[in-house]
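Got a structure for you, questions after.
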Amino acid sequence: MEFTAKFLAQLLKGTVEGDENAVATKMAKIESGKPGTVSFFANPKYEPYVYSSKAAILIVNKDFVPKEPVSATLVRVENAYSAVAELLSYVAKKKQKARRHRSLFAHWYLSTKFGKKVYLGAFSKVGRRSSIGDGTIIHGHVYIGDDVVIGKDCLIYPGVVIYPGTRIGNHVILHAGCIIGSDGFGNAPQPDGSWEKIEHLGNVVIGNDVEIGSNTTVDRAQMESTVIGNGVRIDNLCQIAHNVIIGDHTVMAAQCGIAGSTVIGKYCILAGQVGVAGHLKIADHTTLLAQAGVLGNIRKEGEVLLGSPVIPAKQYLKAYALFKQAAAE
Amino acid sequence: MEFTAKFLAQLLKGTVEGDENAVATKMAKIESGKPGTVSFFANPKYEPYVYSSKAAILIVNKDFVPKEPVSATLVRVENAYSAVAELLSYVAKKKQKARRHRSLFAHWYLSTKFGKKVYLGAFSKVGRRSSIGDGTIIHGHVYIGDDVVIGKDCLIYPGVVIYPGTRIGNHVILHAGCIIGSDGFGNAPQPDGSWEKIEHLGNVVIGNDVEIGSNTTVDRAQMESTVIGNGVRIDNLCQIAHNVIIGDHTVMAAQCGIAGSTVIGKYCILAGQVGVAGHLKIADHTTLLAQAGVLGNIRKEGEVLLGSPVIPAKQYLKAYALFKQAAAE
Amino acid sequence: MEFTAKFLAQLLKGTVEGDENAVATKMAKIESGKPGTVSFFANPKYEPYVYSSKAAILIVNKDFVPKEPVSATLVRVENAYSAVAELLSYVAKKKQKARRHRSLFAHWYLSTKFGKKVYLGAFSKVGRRSSIGDGTIIHGHVYIGDDVVIGKDCLIYPGVVIYPGTRIGNHVILHAGCIIGSDGFGNAPQPDGSWEKIEHLGNVVIGNDVEIGSNTTVDRAQMESTVIGNGVRIDNLCQIAHNVIIGDHTVMAAQCGIAGSTVIGKYCILAGQVGVAGHLKIADHTTLLAQAGVLGNIRKEGEVLLGSPVIPAKQYLKAYALFKQAAAE
């Protein structure tokens, strides 16, 4: 692919400062500053790289005032950070293949329903009475059980396993190896110290515009449904236990674990390796910082919490400063 | 499915209080209290829902004394919590399909031995000289290496990988994507700072009545065996390293990690995200609370521990209260 | 397999003390001390087992002076710990099967390039224009996308998924279920509180002599590459986010998570469940102990750190002693 500064300014609704015929053939990180590339300057921390960069084109915020000479042609845009996303999305769409058939090496049943323009890759299986919406792409090595409903324009990567009865909305992306709908972890203690398995007859319901990361696991409900709300983004290797409800537009970084029956509010942010105990309610707009452990309800909206069990992040960091100071004496 | 209060009382060995012909067609959580459902009241915290519930039938402990009028027909049982498990298990059995064939899309060898009534799904493979016991169900997309022994009435979900030489007892459930028998993580430091791989020639041995969660990994031993005892329950995304021994009837919630050669006792409970270092012994009946980190042996039975490194949970919570108080001042 | 003491002394460049015709048919841990086995005494903690062991042959350091009588024939070597690795590696090589064909149940394209002596197992797929180097073994149930380059003598276990465009060096081992090259977790916040997906057009580049554990996930870069250096060893269930760079010969135990764009130095050691935040630099030779959380750059080489956020391990343990003492009073 080849971009001129002029073309980028049009695409990203910006203005050119310098040679409008400057050409880039690749996108690159500002730190690497390779010749013939287009880079982005969005994070002030990286400003020194602006002056050392050999990139052909540099996309910057419209109000950026350089303190030193810059060799690249500048394209000034409203928001350089969003412009990265826009250009990546433009290129990704151009690269998309239009494979829209069902592989001869795939397996399905007479009662399986396929919408228009569905792709089904080699060694994938879709179960009885399941239905796949228009434009959905199911890569190879995917297992979809019986009675599953998947909406339109979804993208299911290899190694995904979807247990029977799962319901998935439109525009959902499931990354490789994620498991949707496995048995909840329910065990009733017996008098002799052993455990009796509690069967799980519920399912998992996933809203629209959801993305779930590689090797993440979502267990189905005992009764009723484990629910992943609209617009939720879950990173790799997270655990969502039975009967959990994740509110709309909440994001969760890698390796978080949410225990059974907990309700996470809307617009929450969970950093990596956070753990939330079972049967809790977490208010909307809560931010849980990395490795936080939540053992009780969070009722007040908009808090930023840290520690295990969590306390306000500022308080944690102050207390931790005293903690380490005590040992230094 | 349709249940009358009379039928439920018979099944669960209880008594009806109200209309014995009341009918429910679904099970529901007590919080949702939907009409036409059967709900359970076991946890006192949920008592207010008893009075607002529109469920047709409510299963309660035999000594429950309502403080307000209840619209549902009550079925009084010895233990409402166990009754949930019993009813779920009854329905799950009714729903079970009796598919007992080997898919044309599956792969095995002349030397592979299959017991009676084995199911083998599409795109699954069972290796040379491996043997599968009577009544075991192997879903599609399962890889079973050479020389594996699997007992009777096991349930192996899609995406499971079982390395060569693994031995699995009866009534074992392996959830989607779990990996049994991968190489232990052994690396010998070399003088130049690099690492030399240590080969692992042992295997994994799993007892009877074990359940292992989705995407959990169990590494094989360097020599001899990594052992998962009888009745053990392991949740999703746990890591069991080489040469670990897990005692009978121990349960482990999601995302726990047990490092190499550690011996976990019997009847232990590990909450989510617990880590246990290598070459340790953990006494029987130990409880490790969420996110605990164990760096030394635990010799006394029956302790409840928290923190990293662990101390008695009560002491941890008291110390943590002082820790956060210091920052509040 | 059968080993005499004489043979072992030759293989391991040691000397026999006792009956040079003593025979062992298996390797065993020193703690189990089973008759007819060969055991190793490397860790001083296990010395009592030397005297109770019924092993036929015991491999010890050349300067070991027994304090009590030992029944086994001794083979004295320079380094008993390395000798274990050497013998395991010898046996592993003897056991290796020489299967070098492509299964009829595998799938590839006209444009896929295979080197000499490549094995491709049942239900595996290799994409368009991908190339597989000489002697590489790809087990069954592996998905390799388009435009992937894999070097010589690699070992790819079942359930591995390799996204398009990934580049892998020589002598690389990828364990079951690991996912290489899934989308980075990038989401741009929108004014209405929702998130817009940021596409990822980069790839993952893996060096030579790398081993990656079961169900570990490595995301591809937004632009350019996520890089795993030469000689790196990553255990099970780790998360390596987009644009991360892992320096040569760094080792990482299970369940570690490295957030986006962080650069981990060379020769670092990360114990289990460590978390490192995004956009950081970790100096060479850093040791991060179990469950550590890193929130800032680590500039000084060779530190041993603990806690969340990390401080020197000694200081952490001293502070933690005071922390728990406060609650005991």
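When the chains are written out, they are named A, B and C in that same order, and each has its own residue count from 1.
FYI, contacts are C-beta pairs under 8 Å (C-beta built on N, C-alpha and C of every residue); 3 or more make two chains touch, one makes a residue touch a chain.
Fair warning: this is a prediction, and the values are worked out from it, not measured in the lab.
Chemist: Validating interface symmetry: for the copies chain B and chain C, is the fraction of residue numbers used by both over half? Same or different.
Modeler: Different; most numbers are used by only one of chain B and chain C.
Chemist: Rounding to the nearest 5 degrees, give the angle of the rotation that lays the CA atoms of chain A over those of chain B.
Modeler: That rotation is 120 degrees, given to the nearest 5.
Chemist: Please tell me the distance, in whole Å, between the geometric centres of chain B and chain C computed from their C-alpha atoms.
Modeler: 27
Chemist: On chain B, where are the residues touching two or more other chains?
Modeler: Residue numbers touching two or more other chains: 123, 141, 159, 177, 215, 237, 255, 273, 291, 323.
Chemist: Could you list, by residue number, the parts of chain B that touch chain A in their complex?
Modeler: For chain B paired with chain A, touching residues are 26-29, 32, 81-82, 84-85, 88-89, 91-92, 95, 105, 121-123, 139-141, 157-159, 173, 175-177, 209, 211, 213-215, 231, 233, 235-237, 249, 251, 253-255, 266-267, 271-273, 290-291, 320, 323-324, 326-328.
Chemist: List the residues on chain A that touch chain B in their complex, please.
Modeler: Result: residues 107, 123, 125, 141, 143, 159, 161, 163, 177, 179, 182-183, 185-188, 193-201, 215, 217, 219, 222-224, 237, 239, 241, 243, 255, 257, 259, 273, 275, 277, 291, 293, 295, 307-309, 311, 315-316, 318-319, 322-323 of chain A touch chain B.
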